[in-house]
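Look at the two complexes coming up: chain A is in both, with chain B in one and chain C in the other.
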Partner chain A sequence: MARVVVDPVTRIEGHLRIEAQVDNGAVTDAWSSGTMFRGMELIVQGRDPREAWIWTQRICGVCTTVHAIASVQAVEDALAISPPPNARLMRNLISGAQFIQDHVIHFYHLHALDWVDVTGCLTADPQKTADLAQKISPWPLSSRAYFTEVQARVKALVDSGQLSIFTNGYWGNPAYKLPPEADLMAVAHYIEALSWQRDVIRMHAILGGKNPHPQTFLVGGMAAPLDPNSPNVVNPLRMDQMAALVRTMRTFVEQVYVPDVKAIASFYPEWFTYGAGHRNYLAYGGLPNGALNDTSLYTFPRGIILNGDLSTVHPVDQTKITEAIAHSYYTYPGGDQATLNPFDGVTAPKYSGPTPPYDALDTANKYSWLKSPRYDGQVMEVGPLARMLVAYGSGVQKVQDLVNSTLAELNAQPAALFSTLGRVAARALETVYLLDWMDTWLAELGKNMNSGDLRTADTSKWEPSTWPAEAQGWGPHEAPRGALGHWVKIKNQKIENYQAVVPSTWNAGPRDENGQTGPYEASLVGTPVAVLDQPLEILRTIHSFDPCLACAVHVVDATGAEKVRVEVR
Partner chain B sequence: MSGVAGGGLDPGGGLDPGDGPGRRYVVLGLGNRIQGDEALGSLVIERLAADDAVIRALPDPASIDLVDGGTVGLALLPLLEDVDGLVVVDIIDGGLSPGARQDLDGTLLLRRDIVMGVHDLGATELLATLQLMGAMPRRIRVVGIQPKRVDLGTELTSEVEASVPELIRTVLGHLRAWQTEDGSGG
Partner chain C sequence: MVDGSGLPGDAGTLVEALAQRGVSRRRFLQFCTSMTAALALPRSYTPRIVAALSAQVKPTLVWLEFQDCAGNTESFLRSPNPDVAELVIEILSVPYQETIMAAAGKQAEANLDDVVTRLKGQYVCVVEGSIPMAEGGIFCTIGGRTALDIATRVTRDAALVVAVGDCAWDGGFVSLGPTNGVGIGQAVSGLSPINLGGCPHNSVNLAATLVHYLTFGTAPALDQFGRPLFAYGHLIHDQCERRAHFDAGRFVEQWNDQGAQSGWCLYKMGCKGPQTNYNCSIARWNDATNWPIGAGHGCIGCAGPSFWSRMSPFYSRLPDVQMIGVDTTAQTIGLVAIGGVAALTAVHGAGVIARMQRNKRKRAAVTPDGHVVPEVAAAPDAGAGTAGDAGAGTAGDAGVGGTN
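Moving on, here comes the complex of A and B:
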């Protein structure tokens, strides 16, 4: 019996620690811990609710925009403001670009190397690699000469004495199953994705003034002017640029990302059986195509799937969302067994864990800076898989077609979706699904502009004197990593209480007051671990959720250094 | 025009950062403004931008970008791809006395025998990524100062502060030498 510790798990800023119990080559129990305190809720208390988005957007530097949108929507909900259609379209275009860029980055730069052995590509035959690439896609960068050159660059990096960006891989681990040519093809696309991602995110510079952290959000709409006759605003030239960016997105997603996901998945069929967890899925839904509160017109439908039963989509009632702290470093006025809806949420930190540096968490008691969100007392997974399952169950035809054809290609049953690779596949299909919406939103925005509808904001309630003495609002949104909600209570024109429940808190939270494990913890049970001091398989499942502990715990690593500490005892 | 870019910002909403004809040179300051001497690189960029007469005195000022890289990120890639010269400014812990200046061959950044500022890994990974992309800067120098204190705080120590003017002269010297060699401004 051994306990494996992986700390931190994320390849980007943020702090997530996993302790896993391994018996006879498989995980039997696991504990997920966020190791840093957030506290953004305390920072915005007493501030003007119209500026909350500026603060909360900085919760994360990677998942930029999502907290800003959730925040302005919460305040708009509280003050009964309806942003005009153009504001909704611009927010959707910003969100869509964020999803598409983020999903591709996640696959290539944060997850692919759990499946692809970088050192494997050194022995690949460039001709066989070209054959493979040309077989699965019309993407033009697929010649023998091209792969020969990429291979030479990787070799130069290896020969320089250190692998740098590839330092932390478990190269040569027996759990790597790809043939060398697939390794080389994937590494080439890893490099190509670096250039692609910096191009497509220019959408944010056009609509948001800058990236990361666009600056044009506004309670009531957007501060990005729309005018066909002005050179420095969103005009026909900018519309053409955005249309070209969407084409760039589409080509890479359809010809590189999706074929790679399918090709890699085909070598790991057993990973459609590992990593399920509780099989409860929650989507707040979002990216509205009508009024903010008209959920029937959401791009992503709202709903809940229970126990993997896709035949019924349950409704979402935000009053049933609560957060527990029984195993979290916080106190509640009602004690550790109490749970609170975020409107009445309390952020009162009280660390009671071991003094760092420590070997083990006190998992019998409190062991995480994340709270444990629950819906009607039940554990919920959020993210692309939850969104696709809810959309599938809700009868969204395009999602059903995408899912069914992919399952047929992989010769898999719907139950295969409840797995580690199910998350990876859902993320890719969701990216395809959004491409058509991007075209739709752009066309609508262009139509409005040409017909003279240039409104981008409703400022009729901008002045605090127009507000009620007390108001409260909920801003549900979907971030690339899953359901994101901001809750705000406004009293005498100031923020009285503010709570953000972020996707990684839903997924990475610890056990609750009833001892129910969180989604990460549950998903790891049964995961095989071939080499104890190389917990590659644990990382596969955790990374399949796209953990962003910068998002869940929000304090940027002051050392900037990534140390994946693996301990075996 | 020379310009200042923040950590991955797209200054002025520009859609083509770094594109355009001709030579390109970048001064990249790395630093965390709330970590004492660790702020060095970021502060040097700020001072160069505030006193741009020194940049304008160079052979081809329009080809120079001053980049405040903050604590680094992949967003910096497009600013550095295929540039003709890159000066990285950072604190460098070489076990010397506080305030000692260093002026190193940039290929050292791809090794691990020197310890740079706390964002060492970021800079190293950035250059390795450029190498993988086949877009390494033609020349790289790394200039810096031995720190005294890297801890919560917003000011440089007096030892490091005293060495900053000479460090800036070193940065300008590299830019001048490269531009002269490339026949710029003539």
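Moving on, here comes the complex of A and C:
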């Protein structure tokens, strides 16, 4: 029996620590701990709600844009503002670009090295690599000469003795199963994806000025103007550039990302059996194709799947969302056993963990800066897998086709999706699903522009004097990592309370007051660990969730009571 | 080769090194040329930059993340030229960067320990995110150690420390919260980092800063906040593509109006360009695709000191202030900041240009050989960009470079 600690968990956003009990070569219990706190939500209290998005977007620079969109939607909900269709289309294009770019970065740069041994490249046969690549994809960069060049580049790196970002990986671990040729192909695509992600995210620069942290959102719409006859704004030239970027997205996703996921997964079939966890899945749904509150027209439907039963999609009632702190470094007025809905939430940080430097957390008591969100008392997983399962269960034809054809290729049942590789596959399928939507949104925006509908913002309630004395709103959204919600209360034209419950809090949170493990913790049970001081397999399952800890630890005091004095200098 | 560190002093054979590293010679030279331009150096400096960057041992860089959102890491990943693959494979060795490194857990920590012990005084340290000082630092731990513990140990022996983004510079928005998050220059006494302000920083400025250091062995000329003059030496307002509209009195009056569609000046919508020093309009973002004002939204002033508290509310027009002088021939004027609030500068009108200045203004000077340097030699207390420097009551951005 051994206690395995991974801290820092790298190739994620933020600061995450995993402790796992390993017995007879497999994990028997696990604890997930967020080890950083900032207190963003306390800082936005008392500010102009129209600028909340500028602040809250800084919750995360990896999930950039998602908090901005959730924030403006929450304020629009509170003030009953309906952004014009062009604003919705621009936001969807920004969201879609974020999903597509982020999912590819996740697969290659945050996750692939759990499956791909970089040093395996050195013994690969470039000709056989070319044969493999050409067999699975029409992607043109697949010649023997190309792979010979990539191999030389990796060899030069290894020979230099300075492995840079690859230094001290778990190279040679017996859990790596790819043939050298697949390693070489994947490393080549890792490098290609680094350039690709930089290129395609220019979509954000066109519509939002820059990435990370695009700067174009408004309560009521978008600041980016639309005019076919103006040189300075979104015009036919910019539309052409965006269309080209979507084509670049499509080519890489269809010809590189998806084939690589399938190829790599085919060497690790057992990973469709590990990593399920609780099998409850929640999606708020989002990326509207009509009015903001018309969930029937969402790109991703809203719903809940319980116990892996895809035959029933349960409705979502936000009043059933609660957060527990029994194992979190916070206090509640009602004590550690209490749970609170976000609108009534309290955030009073109180650290009670070990004094640094420390070697072990006190996992019997409080051990994380994350709270434990629950829906109707139940643990929920959020993310691409949840979205695809809810869409599948809701009868979204395109998603059903994608899932069914993939399962047929893998000769697998839907239950295979409830797994570590199921999350990886769902992320890839979701990326494909979004490509057609990108074309649709762009075409619709162009049609509006050419027909003279140039409205990008509803400014009728821009002036705070037009607002009611008190208002409150909820801004549900889907971020690449899952269901995201912002809650805002406005009083006398200022933010009275603000709260966000974000994807990685759902997934990475600790045990609750009833001892129920969080999704990360549950998913690790049963995971094999071949070499105790190289917990490669633990990383595989944790990375399959695409953790984002800066998002997860954010908490807001939604009661209005000032728990912490905030000095504004 | 002096010490094998890859830091300034090493020399290598260019062609061999390039070939050995697999970098296309053409692309590499392109990069060196663009860096020469970014640093405003004469073209004759290009060969020197090429030589410095092709030393046979790659310079080692470690990147620390504390109370951060990884936005600066993401910005680094968007580095256009050289692209990030060339940066981390061929040009630099980056054995510690939590967001992209292969190693995890104790293997990751071993990478950092190895650099600190084996390359003492010979590595570059980039810091992202603030360091929480409250309650013994328990608001951020990595591997069971506090951010302050790690930051002190790693930056103390670094040859160069670069703070990327506002949180690592002066605590950013985190400084307004309960954890007492501060910048690296405030957390570690005696440290004078180069501060690349911005939320996030623009990766082209990091590349140029590193190239300058690797080429000349010194930091580029800095302002009193420790920011490179090449990037922070001019007001956005003075280099804005919409400036002519300001001068002509053509303003966006309401979102989505005709002025917005025509690309008029955003000053009345709260743009902070008249108060912010940055090369945002020149370098632009994402392979020079665009920048915020180009997308129709005002500048929020993110490259300035303590910008969150000074620039919010972001949609309020910068207040008019007493004009000390107006030069109707459209030359820069100096203004004295009135303390307390984010006072400001620009009063619209034809031919009027206004510029914010700090109370204790330090000008830059141009040396006989054409280099821009701070007029006052950067005193240690001025170079660190501490909270004191950016303290309450200071309304303006750095008033450097008043030479146009």
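In the analysis below, the second predicted complex is superposed on the first by the 548 of 569 C-alpha atoms of A that agree within 3 Å, B and C clash if a C-alpha of one lies under 4 Å from a C-alpha of the other, contacts with A are read in each partner's own complex, and residues count from 1 in each chain.
The working rule: contacts are C-beta pairs under 8 Å (C-beta built on N, C-alpha and C of every residue); 3 or more make two chains touch, one makes a residue touch a chain.
This structure is a prediction, so every number in the text was calculated from the model and none was measured.
Placing chain B and chain C on a common chain A by superposition gives a clash between them. Once the two complexes are laid over each other on the shared chain, residue contacts for A:Thr35 go to chain C alone; chain B is not touched. In the superposed model, A:Ser137 makes contact with neither chain B nor chain C. After overlaying the two complexes on the shared chain, residue contacts for A:Arg198 are found with chain B and with chain C alike. In the superposed model, A:Thr295 lies in contact with neither chain B nor chain C. Contact comparison for chain A: of chain B and chain C, C touches the greater number of residues. By the touch criterion stated above, A:Tyr170 is placed in contact with chain C alone, chain B being left untouched. In the superposition on chain A, A:Thr406 makes contact with neither chain B nor chain C. Of the two partner chains placed by the overlay, only chain C lies in contact with A:Pro356; chain B stays clear of it. The superposed model puts chain B in the path of chain C at one of 326-334, 344-352 or 380-388, which is 380-388.
In the superposition on chain A, chain A positions 61, 109, 149, 153, 156-157, 160, 162, 164-165, 191, 194-195, 197-198, 202, 205-206, 209-212 are in contact with chain B in one complex as well as with chain C in the other. Across the complex, chain A meets chain C through its residues 5-15, 35-40, 42-43, 47-48, 50-51, 54-55, 58-62, 64, 105, 109-110, 113, 118, 149, 152-153, 156-157, 160, 162-170, 191, 194-195, 197-199, 201-202, 204-216, 218, 220-227, 230-233, 349, 351, 353-359, 369, 454-457, 459, 462, 533-535, 539, 550, 564-569. Contacts from chain C toward chain A in the complex involve residues 20-22, 57-58, 60, 65-75, 77-80, 83-85, 88-90, 92-95, 97-111, 130, 132, 135-146, 149, 172-179, 181, 199-200, 241-242, 254-256, 260-263, 284-287, 289-297, 300, 306, 308-309, 312-315, 391-392.
For chain A in complex with chain B, the touching residues are 61, 109, 149, 153-154, 156-157, 160-162, 164-165, 191, 194-195, 197-198, 202, 205-206, 209-212, 241, 556, 558-562. Of all residues in chain B, those touching chain A in their complex are 8-10, 13-15, 32, 35, 71-75, 77-78, 110-112, 118-122, 124-125, 127-129, 131-134.
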